[in-house]
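Order of writing sets the chain letters: A, B, C and D. Residues in each chain are counted from 1.
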Amino acid sequence: MRGRQQFSIHFLQYLDPEGNLDLPLPEWTTDGPLLLSIYQNMVLARLLDQKAVALQRTGQMGTYPSILGQEAISVCTGLAMAKNDVLVPYYRDAPAQMIRGMSAAELFMYWGGDERGGNLNTASLDLPICVPIATQLTQAAGVATALKIKGEDSVVVTSCGDGATSKGDFMEALNLAGVWDLPIVFVINNNRWAISVPLAQQTRAPTLAQKAIAAGIEGIQVDGNDPIAVYEVISKAIERAREHKTPTLIEALSYRLSDHTTADDASRYRDADELKAHWQEEPIHRFQQFLHQQGLWDREQEKALQSHCQQTIDQAVEQYLAAEEEPATAIIDYLHAFLPYSLESQRSAIQHKDASVNTEGESR
Amino acid sequence: MRGRQQFSIHFLQYLDPEGNLDLPLPEWTTDGPLLLSIYQNMVLARLLDQKAVALQRTGQMGTYPSILGQEAISVCTGLAMAKNDVLVPYYRDAPAQMIRGMSAAELFMYWGGDERGGNLNTASLDLPICVPIATQLTQAAGVATALKIKGEDSVVVTSCGDGATSKGDFMEALNLAGVWDLPIVFVINNNRWAISVPLAQQTRAPTLAQKAIAAGIEGIQVDGNDPIAVYEVISKAIERAREHKTPTLIEALSYRLSDHTTADDASRYRDADELKAHWQEEPIHRFQQFLHQQGLWDREQEKALQSHCQQTIDQAVEQYLAAEEEPATAIIDYLHAFLPYSLESQRSAIQHKDASVNTEGESR
Amino acid sequence: MNMSFSTSDSPSTDDAVEPDKSPSPDIGGKIEAENKECVLVEAINMALHYEMARDDSVVVLGEDVATNGGVFRATLDLKQTFGAARVLDTPLAEGLIGGISIGMATQGLKPVTEIQFMGFMFAALEQLMCHAARMRNRTRGRLACPMVVRMPFGGGIHAPEHHSESTEALLAHTPGLRVVIPSSPIRAYGLLLAAIRDPDPVIFLEPKRIYRAQAQRVCNDGEALPLDTCFTLREGEDITLVSWGALISECSQVADQMLERGIAVELIDVATVSPLDMATILESVAKTGRCVIAHEAPKTGGIGGEIAAQLAEHALLDLKAPVLRVAGYDTVMPYAKKEALYLPSAAQISNAIQQVLNFA
Amino acid sequence: MNMSFSTSDSPSTDDAVEPDKSPSPDIGGKIEAENKECVLVEAINMALHYEMARDDSVVVLGEDVATNGGVFRATLDLKQTFGAARVLDTPLAEGLIGGISIGMATQGLKPVTEIQFMGFMFAALEQLMCHAARMRNRTRGRLACPMVVRMPFGGGIHAPEHHSESTEALLAHTPGLRVVIPSSPIRAYGLLLAAIRDPDPVIFLEPKRIYRAQAQRVCNDGEALPLDTCFTLREGEDITLVSWGALISECSQVADQMLERGIAVELIDVATVSPLDMATILESVAKTGRCVIAHEAPKTGGIGGEIAAQLAEHALLDLKAPVLRVAGYDTVMPYAKKEALYLPSAAQISNAIQQVLNFA
């Protein structure tokens, strides 16, 4: 006896790199303010990203992972989610986090080496970003399980990079989402590189979306630099998750136009021509062209937007640089809800050491 | 723009549960001695398994995981491999290990709590069995990498259960096999249960073979109780691995007719009817019917085989029970190639303690 | 799959991150305090029943914990009583189990997670050490991980490879994790309740060798024990004997024998190996001047080393003799045939005590 | 993918599991012993070059180690020199990296594996602790794991979260693993050669804070250092100061300051934290009667505790004062802004010494 099971993976793109339409627009695109919001958030994201790099370069912040060229994915993620949904982001998702309430100052704080950057200064149940690759994904599955147990109608959106799909956690989370029918959307930012390792050295799978097949769930590939396609796919997946408690894996194809982080030098391992070619596909120019074509955007608006963003960012920088330092004991005060008595003497030692650092200067 | 990628998973079966042919036989089945060897090894495997359970029940051996009903998979694995191939087995692969040189006494030793059971008393580079689920799979990928680096034409066969496919290691290994073109064959013994957890609670994927799609490699599902199909699929996969350095994932559908181990009681969680139904599909009866039909086997031969197996097993039991104990210091002597001098005093303490245990009896 | 997530039993999670060490006085009459003669694993089961009834936000998950009630039956009947939405059989993946527990805990649930054997915890360590232990700190208190990870541990039951290890020191060296080890049914009951109610992650290690050893009368009154206090099991003037887990029985035995010979052993059950209650131990050693520490884990780098080091730091002048440790050898846990050779014995403990007492 | 597995450079693996601590005298003239002024990370790179040239069975693997030469450039130029078949960029999965290293090692190769930062080792622990550490024992010597796992560790470079931890105690408490920590270019070179040549798994922890600190003249002669000996960096009669890794520089600094005040510090670099060479430390303390131990890892359960415990066991009568430990606090490693507050400082070490010296 022979039998056969068939599976397929679709790819979706509305706007080509020139901003021209490949397909008839989905219905929601009649919502002009939403289209503009996508654009405005992408521009803000890019300018903020530039500022973060500048802060690092001038010694005012630590190592930072730029999201240059991948703004569409994160912005559409943030805009497609409802307020009571839960975001479990990875470290190139600042735009989504900010749409959901994180301040730019908090972003700077986090990468400036200050834990308060993970507080998000809100009552949100979003998880903070996650440095150990892919570990957020099983946590996200746990969040989705909790929402389901609690009978809430909110959903989880979680994200990771292409490299992260090689780590077992990725598949474990996908598999659980399938078997427990979890209200969750996985978004892969496939920017083609994991530090110096190109996608072709991560996997032989021609798409990352097909990894969904292993878990028996829906997988789809989308042009991650086409905000229309990204928003369409993410919002539909969120809807499905909310209404039918079914998970989706989305592979958003993009490209890392920057170095991996400010500590990296991609010219060591990456072809200049490849980089140049991908600049032709980046999302902001493409979307601007489209909005122009649709008569939704002009130079005046652009100018106003730029200056508004600049102002927001300047304020954030100011706030960041002016922030008072946390007390020394903060390094132990948040370890447990209550300080175990056995740590009391260490807590005083920290205070004492801080005093001596303050009077003697950096004593190391 | 819309695009679509297609994937498919095939299922293969030659013999139905009554031993009747579904498909024309593959060419290698003209090799009568091979067919008989499959049968004989399956019978030996079953009798040995019974003995192992009996040894446990009578307090002469520790916890033991029976392979009742899954003999075809492991026997065909062992027979399809070349001598210089490397087996990286899981704990229901004793038949394959024995075909490759492990003695029955070593099997008893291992489950009797004696490390010499992992020595395999041979110069083989096969790995010993692996208790932490799925961890053998990435090791197997490493073995395959080594074979490839060394330019050898041998291949690796590795195995696991259905439950193991939920653990990240499984996917990590599959993915590496794809991207590094490794000469490796993964065999899943899908016996439908992971202790008390049925397959439907492990994954929503309708087949386990489709997990190969996530790694961009070949996957195939086979009736694991049909020795013809199993041997065909495994030997073809080994051939491909040897000649083209391409990996394959094989899902062999079988059923765990026994409790999970001698420490388990499956009646607590498993329907008696389900168990009964699956007894109709077990491989030995099926294959015996087939051999009868082919005129390759008769009652006399069966009788001779049974008594030969009994003899082999009795000898092994005798050897096992008569084995001299390892010296006490064996528990530290194999930790490193050379005992670090800091452990010398512990080594003498072990000797000393052993002496006191021997004179005072069990002192705990 | 047959897991029903009904909205009707949606838990109230208002007080999810609030500390709560006292039992609710009114739990709708569902549970009556009863004295039950039970063994350690039954006491754990009783505590789980109690707390799931009291607090809707408690959920139980792990491999084989639901339908099968756990391979040691610690979670018996929980699924029947509290439903499939609160008692979850997970796929086979410890990293996943760690991760989902964290995710659930951040959303106001209180997962009580089982790792089937401590030897299988390794795949979960990334989640436990990098995330569970840090979530509160990383978010400056916004999110927390009120979760318990239960693991049977230790040797002596003639189990196969990887089923008999004692690696509590790895967990105890991880700031942000509490590590708790009961040594009797009563302490198992009270400490598990405390662990579940603690607003932070607690690793709860169950000495499986004594799962079904001596029964005790345990009062099912929902009374938790403190999570940061050693238990002085018997007082004595001559020497302090410090241990935890299954070895407490050998230690008691030795203390009995010693008493017959006129030697009064003060026996301390550490119980909460992290954070360590050194105050109790120091006070005892200040009195006795002598100390022996016994544990199953390999000696080097075990928690016994930390205790001895703190004695060398804070009690040097009290010490009348070297601090001896009776512990596992620094080698891989042997298979069943030789595990007795590895495990610290009463004779070894008693020898060490004698040696310390004989010290000039 | 561009990894070419040509059969032409098939390594000879005859002596794969044979111990081999001496450099081969004849390596075809490919390498000439040269003195090179280099920093620690360069010394590591030099040792890797040396040993890959000398021994065909050595392969290097990890994330970003091939084309990029490692994020710290420790594996620079290895791929160019030895080819893509022996220098492998792996997919992003530490568990996988651990597993394939073991698989390779069992087949006669000698993998030298990089975990990009120690903070990412956790997913590999199941492989390292359950398998690498046990393969020889489990097969009664039939198979072995001659592999090295290199990991940059420790704080002080203002890196993001999870890039600054010191969790060597977890590894050192695992029988079957050796744990080695160099504190200078010369020791990095010699210890790494020894680690690669050792027939068993060695964890090689690289103190990244001093990767590019003070250069030293290192002789590229393939001479390995012993793997089970502390290095006494300076002798002194008054107090023993024990440390390892990056902190050795603060310790030297403090020793200098002390000398100016007439106090002779004996400074011991533990270097091989497992197995521990206690003989050297005990001998020193027998002479000085006083001891301070300094390490970056959290104090409780750190290796300092083990050393102090052994002093309390074997040197109680030698001790003229409590054994003090200067260590990290028992908390999560803080982010960059506050890492200096966490890290033990020269001032703290010097205070501890003063305290011990002042002890009646």
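For the reader, a short list of remarks on this structure follows.
Keep this in mind: a residue touches a chain if its C-beta (ideal position, glycine included) is under 8 Å from a C-beta of that chain, and two chains touch if they have at least 3 such contacts.
None of these values were measured; they are calculated from a predicted model.
Of all chains, the one whose mean C-alpha position sits at the greatest distance from that of chain B is A. A comparison of the B-C and A-C interfaces places the larger number of contacting C-beta pairs at A-C. Taking the mean of the C-alpha atoms as each chain's centre, chain A and chain D sit 36 Å apart. If you average the CA atoms of chain A and of chain C, the two centres end up 39 Å from each other.
One inter-chain figure worth recording: chain A and chain B are separated by 43 Å, centre to centre, where each centre is the mean of the chain's CA atoms. Each of residues 1, 3, 91, 93, 95-96, 119, 122-123, 126, 130, 137-138, 161-162, 175-176, 275-276, 329-332 in chain C touches at least two other chains. In chain B, the positions touching at least two other chains are 115, 132, 166-169, 172, 175, 179, 181, 200-204, 330, 335, 343.
Contacts from chain A toward chain D in the complex involve residues 62-63, 111-115, 131-134, 163-164, 166-169, 194-197, 200-204, 263-264, 268-269, 325-326, 328, 330-332, 335, 343, 346, 349-350, 353-354, 356-357, 360, 362-364. Residues 86, 88, 115-116, 118-120, 122, 124-125, 127-128, 130, 132, 135, 137-152, 168-169, 172-173, 175-176, 179-181, 330, 334-338, 340-343 of chain A are the ones touching chain C in the complex. In the complex of the two chains, the chain B residues touching chain A come out as 1-13, 16, 22-23, 166-172, 175, 178-179, 181, 200-207, 210-211, 213-217, 221, 223.
Within the complex formed with chain A, the chain D residues making contact are 1-3, 63-64, 67-69, 71, 89, 91-96, 119-120, 122-123, 156, 158-163, 250, 299, 329-332, 334-343, 345-348. Interface residues of chain D, counted against chain B in their complex, comprise 1, 3, 5-8, 10-11, 13, 17, 19, 59, 85-86, 88, 90-91, 93, 95-96, 98-109, 111, 126-127, 130-131, 136-144, 175-176, 178, 198-200, 228, 275-279.
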